[in-house]
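One chain, subunit A, appears in both complexes that follow, with subunit B as partner in the first and subunit C in the second.
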Partner chain A sequence: MFPELNSILSSSPDSFRSGDFIVLSDRQADASFLIHHYLSFYLRAGCKVCFLGLVQSFSHYSAVSQRLGVSLTQAREKGQLVFLEGLKDSIGVISQEESSQSKLPLSYLRSPGAGLECLFKFVESSVSQNTENEDGEKWGPPVLLIDDLSVLLSLGVSAGAILDFTLYCQATICSELQGNIVILVRREEEDVDDEGSNLLQKGLIHQCSLALHVEGLPTGYCRDIHGQMEVWWRSREDAMYNQRKVFHYKVHDKGASFFARGTSSALL
Partner chain B sequence: MLLNIVHGTESGGFIVVEDTVKYSGREILKCFINAAIKRGEDVHVLGFETSEAELRAGLDSSSGQKIHFHKGHPDPLGWTCKSSVTVQQFNTPDITRLVQNTPHTKAAVLIVDSLSFILRHHQPVVICRSLQELKKVGVVKTIVGLLHSDLHLQGVVKSVCHLANAVISVAPANNEHCGVAKTTRRTKSGKLMQEEEYFDVSEDAALSVKTRTHQPGHVQTEPDKPKADPTSNLTFNLRLSKKEKEAKEKVALPFVFSQEKKSALLRPTPGTGRITYEPDAYDDFDEEDPDDDLDV
Partner chain C sequence: MAVPGIGMAGPAGVNTTSFQKKSRSKLVSIPGTRPSVQNGQLIVSTGVTSLDYVIGGGLAVGTLLLVEEDRYDSYSRMLLKYFLAEGVVCGHEVFLASDRDHPDEIMQELPSPIVDEVGSVKTKEGQAQPCDQENQDTMTIAWRYQNQPKVQNALASSVRFGHYYDVSKTMEPEVRQAVKCHSFYALQESPTTTELSLLSSPYHALLQSIQSVIRKEGFDVSTPQSKVRNVLRLGLHSLGSPLWGDDLCCTDNPTHCHALTTFLYALRGLLRTSLSVAVVTVPSHLMQNKSVMGQIIRLSDTAIALESFRGSEKETNPLYKDYHGLLHVRQVPRLNCLVCEVPDTKDLAFKLKRKQFTIERLHLPPDLSETVSRVSKIELAGGCGTTATGNKHLDF
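Then we have the complex of A and B:
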């Protein structure tokens, strides 16, 4: 969890707005530090978290979260975290018999044209199961994190089917249960005319209430500034409605710092 | 023109509200609902993208019975059986039935949120046909649809807009809180009218049109400031007194032809030559074809 980002977005684990749909996107840079931020943020806030890790192993997320001061293993044992390990589970889906896997969350691997209904059913059941911790207290509002959704495009699922899936997730988690969603998508290079990822990103931005876009510096590599992040407030309830702000950032070993453009400590 | 269309003073038909990621057109859609309720008309909402609560927020709560929300939102594809309407039911007979299930006294308005979602699940041809049929059948007076134009191919967007009697495209203005709406309306005679207007939607879904931009791309000029005179504090003189001005005007400029000068030059003087020309046999006087002496 990065306190500086919290102050930019004026939220904290104790008080954050529920019902938010947050889209993280990146181009020629890596926005996964934001996924780690939100994972530790919502676990600290005591939310019931469902994490679809489609691109890394559990131990990777666990090691990063350890540095940020949150234990994923403990959270999983307590029932606070439901982790879908896409890399590990996909082999099972592919090698199993046809008949037994029709209801598995990763069934899209076999029939990408059939849509993501099973994945949604998995998300829905995991946010509604075990809503209490061992002391009998309720977990906070449910949270869905996805890293990253563009992988599904490469696996043959159409952008429209992915947008249907996110619409269902939004309807269930944000509107019905007043929880939050954080989704990471990756964008191809500007000159590559990739219809799918373009459509997916635009469709998600239409749905979302906050968009964070991470990009490399347009002027090239720099040792002290790793890139820039654009914050776009899209919720009409926000005072900052439809405003965009650009910050420079630097990712450290344990956290990240954000600063207004031109105010890097290397310059001043 | 935007106000006229929203408040329904101009005839109904099919209206498309076109938006992009840069500015959401859903607020305009709410204005349509609000305006129709104020006119006492029944509003049928086919909501696939937003929840009922979200669309109702800000609308007059007493208008409850006037809005018929056909819930497609939590389950538009029928995965969980939570909704009363699925996207498969977007065809003329089903919509006619939905609308006629509720008795009304006055003409009804159908709001579609959004056409983009429906376009994802039906062929554009099917949608265009359904819309055309709905217009003809006349169960609803007005159909208003929201279209996210950046999610579709240009051809699809254009063919849907072709059906519409009015297209409202919204975009952000420089000031973040208001937007610019470009309205194109086709009158019954087939004439196209276009106008660009700044608009703002208040919390209670009331539309206010602010200033009008007369031409596309017209930049608002700032109110004229008193211009500073750069010649006011000079160490040398740039101005002429009245006397100096008169003296200046009296001076004849060297190369200006006055009447006297002209007549002096044109008067024939003795001893000047004259040119006479007598054509010989080789001269060609044929005006028709000046090149006939060429060997081509």
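Then we have the complex of A and C:
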């Protein structure tokens, strides 16, 4: 959890808006540090978290969260966190060893044309199960985090099917259960025109209430500024409607710092 | 009055200090590996010391290095051979898959290791020692510089990791045969049709072949093994080329658009759960659909691209006269930590000397950083007006 980002977004684990649909995107930079931020943020807030880690192993997320002061293993044992390890589970599905047909959350690997219904069933059941901790208290509102939704495009799932999946998740988690969704997608390079990726990006931006876009510096590579982050508030109620702000950022060992453009300590 | 060699490091082997490095008995110790200084990951060398430096110390076990081939596949093939040779010298097991040339042919071309005092025990004694003739003759003028270390252009870390190779010679067959080598030849595989699978047939067969090696030879980390652990090095040559039954290179709208990406996804899953490390070369300049290349890079952990000057107009550019091509680091992995290794410059070039492949900085980076001490800062705070301060420290 990065306190500086919390103050930019004016949210904290004690008070955050529910029903938010947050889209993280990146191009020529890595926005995965934001996923780690949100993972530790919602675990601290006591939410029931469902994490679809499609591109990295559990140990990776666990090691990073340890540095940010949250233990994923404990959260998993307590039932607060449901973790789907896409990479590890995919081998069995692709090499067709597991016999149970079409009941797996990752069945899209076998028949990508069929859509993501099974994955949605998995999400739905995991946010509705075990809603109480051992003391009988209820977990906070459910949260769905997806690390890299665009990897599904590489696996042959169509952009339409992915957008259907996100709409279903939004209806269930954001509207019905008043929870939050955080999704990371990777944007293509500017000169590349990929239909599926563009469609996915546009659809998600249309749906979202807050978009964070991370990009490399337009002026080129720099060692002390890792890139720029554009914050785009799209929520409708308050004055922040449709406002955009750009910050430069630098990722550290245990956090990240955000500063206004041109105010890096390397320059001043 | 100057004692000769006073600035040099003491002779090796007289290290009698009581400050011994605490040995970590918990970590599995496999020859040719060491824990990374950044994140504690077990890393292996790529065989090219300067490449190790560029990608942050080495290749973490369980990850995938993508090499975008140069136009004629000469330097990328050399990197692959370096990677395999390092595996042979360290005693790792090797798996090689190729399409055009038979894997055995590539194995025969492995460069010969240069033996020196730190070298591996496995290599034969009595091979040519790399003796520097220039060091022998004494300086008559400017003798003060006699004991100065020679200017080191090539990138290297302070700690020695990996071995040096002589590309002008090939490795001795008996050294090569000492390690277990598995191979996969794409053209030899009989085409099997798997209707259920998303993967086209050669990729599917390759994945199954890798999986069976990992299972049988005990590289799987999940199953407890009593025998000594070892690392499996996978070298996959020219994936995505037409000989793999892939039409990524031929058309803009390939029919098996997701075959290679799905294969890489599954391969990454396999690597993460086993003690293995892979180098994949891909002919990216042939790919018509650029978005597929972007997906391939994102599905690998480390990605580098070789851009050879051969056949391009850069060959005659005086800026590049010392080099054979440019090296682009497309992606450096973030493993178990938030930050990745941040290089100070991204402008790197490679050259193939008579015996050695090295990567060097094309130029020094601009001196703008948080760590640099800036004298002008105090002056700025002093009298100067705010209008002229902007380029103050850029004045000569």
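We adopt the following convention: the second predicted complex is superposed on the first by the 262 of 268 C-alpha atoms of A that agree within 3 Å, B and C clash if a C-alpha of one lies under 4 Å from a C-alpha of the other, contacts with A are read in each partner's own complex, and residues count from 1 in each chain.
Here is the rule we go by: a residue touches a chain if its C-beta (ideal position, glycine included) is under 8 Å from a C-beta of that chain, and two chains touch if they have at least 3 such contacts.
Just so it is clear, the structure is predicted and the values come from calculations on it, not from any experiment.
After superposition onto subunit A, partners subunit B and subunit C are found to sit side by side with no clash. Contact with subunit C, but none with subunit B, is seen for A:G156 once the two complexes are overlaid on the shared chain. Rounded to the nearest 10, the angle made at the CA centre of subunit A by the CA centres of subunit B and subunit C in the overlaid structures is 110 degrees. In the overlay built on the shared chain, the residue A:E215 is in contact with neither subunit B nor subunit C.
Judged by the touch definition given at the top, the superposed model places A:Y241 against subunit B, while subunit C stays out of reach. Using the contact criterion defined above for the overlaid structures, shared-chain residue A:A63 touches subunit C, although it does not reach subunit B. Contacts of A:E230 after superposition: neither subunit B nor subunit C is touched. In the superposed model, A:H206 makes contact with subunit B only, not with subunit C.
When the two complexes are overlaid, the chain among subunit B and subunit C that reaches more residues of subunit A is C.
Once the two complexes are overlaid on the shared chain, A:I94 sits against subunit C while remaining clear of subunit B. Annotation: superposed on chain A, subunit B and subunit C show a minimal Cα-Cα gap of 18 Å. Common to the subunit B-facing and subunit C-facing surfaces of subunit A is no residue whatsoever. Interface residues of subunit A facing subunit C in the complex, by the touch rule stated above, are 30, 32-33, 36, 55, 57, 59-60, 63-64, 67, 86-91, 94-96, 109-112, 148, 150-151, 153-156, 186, 188-189, 191-194, 197, 221-224, 226, 251-256, 264-267. Across the interface of their complex, subunit A is touched by residues 21, 23-24, 27, 49, 51, 53-54, 73-77, 79-80, 116-117, 120-121, 148, 150-151, 172, 176-177 of subunit B. On subunit C, the positions that touch subunit A within their shared complex are 39, 196-199, 207-208, 211, 257-258, 261-262, 265-266, 268-270, 272-273, 290-291, 294-295, 298-299, 334-340, 342-346, 365, 368-370.
Those residues of subunit A lying in contact with subunit B across their complex are 115, 117, 120-121, 124, 160, 163-164, 167-168, 171-172, 175-176, 199, 202-203, 205-207, 234, 236, 241-243.
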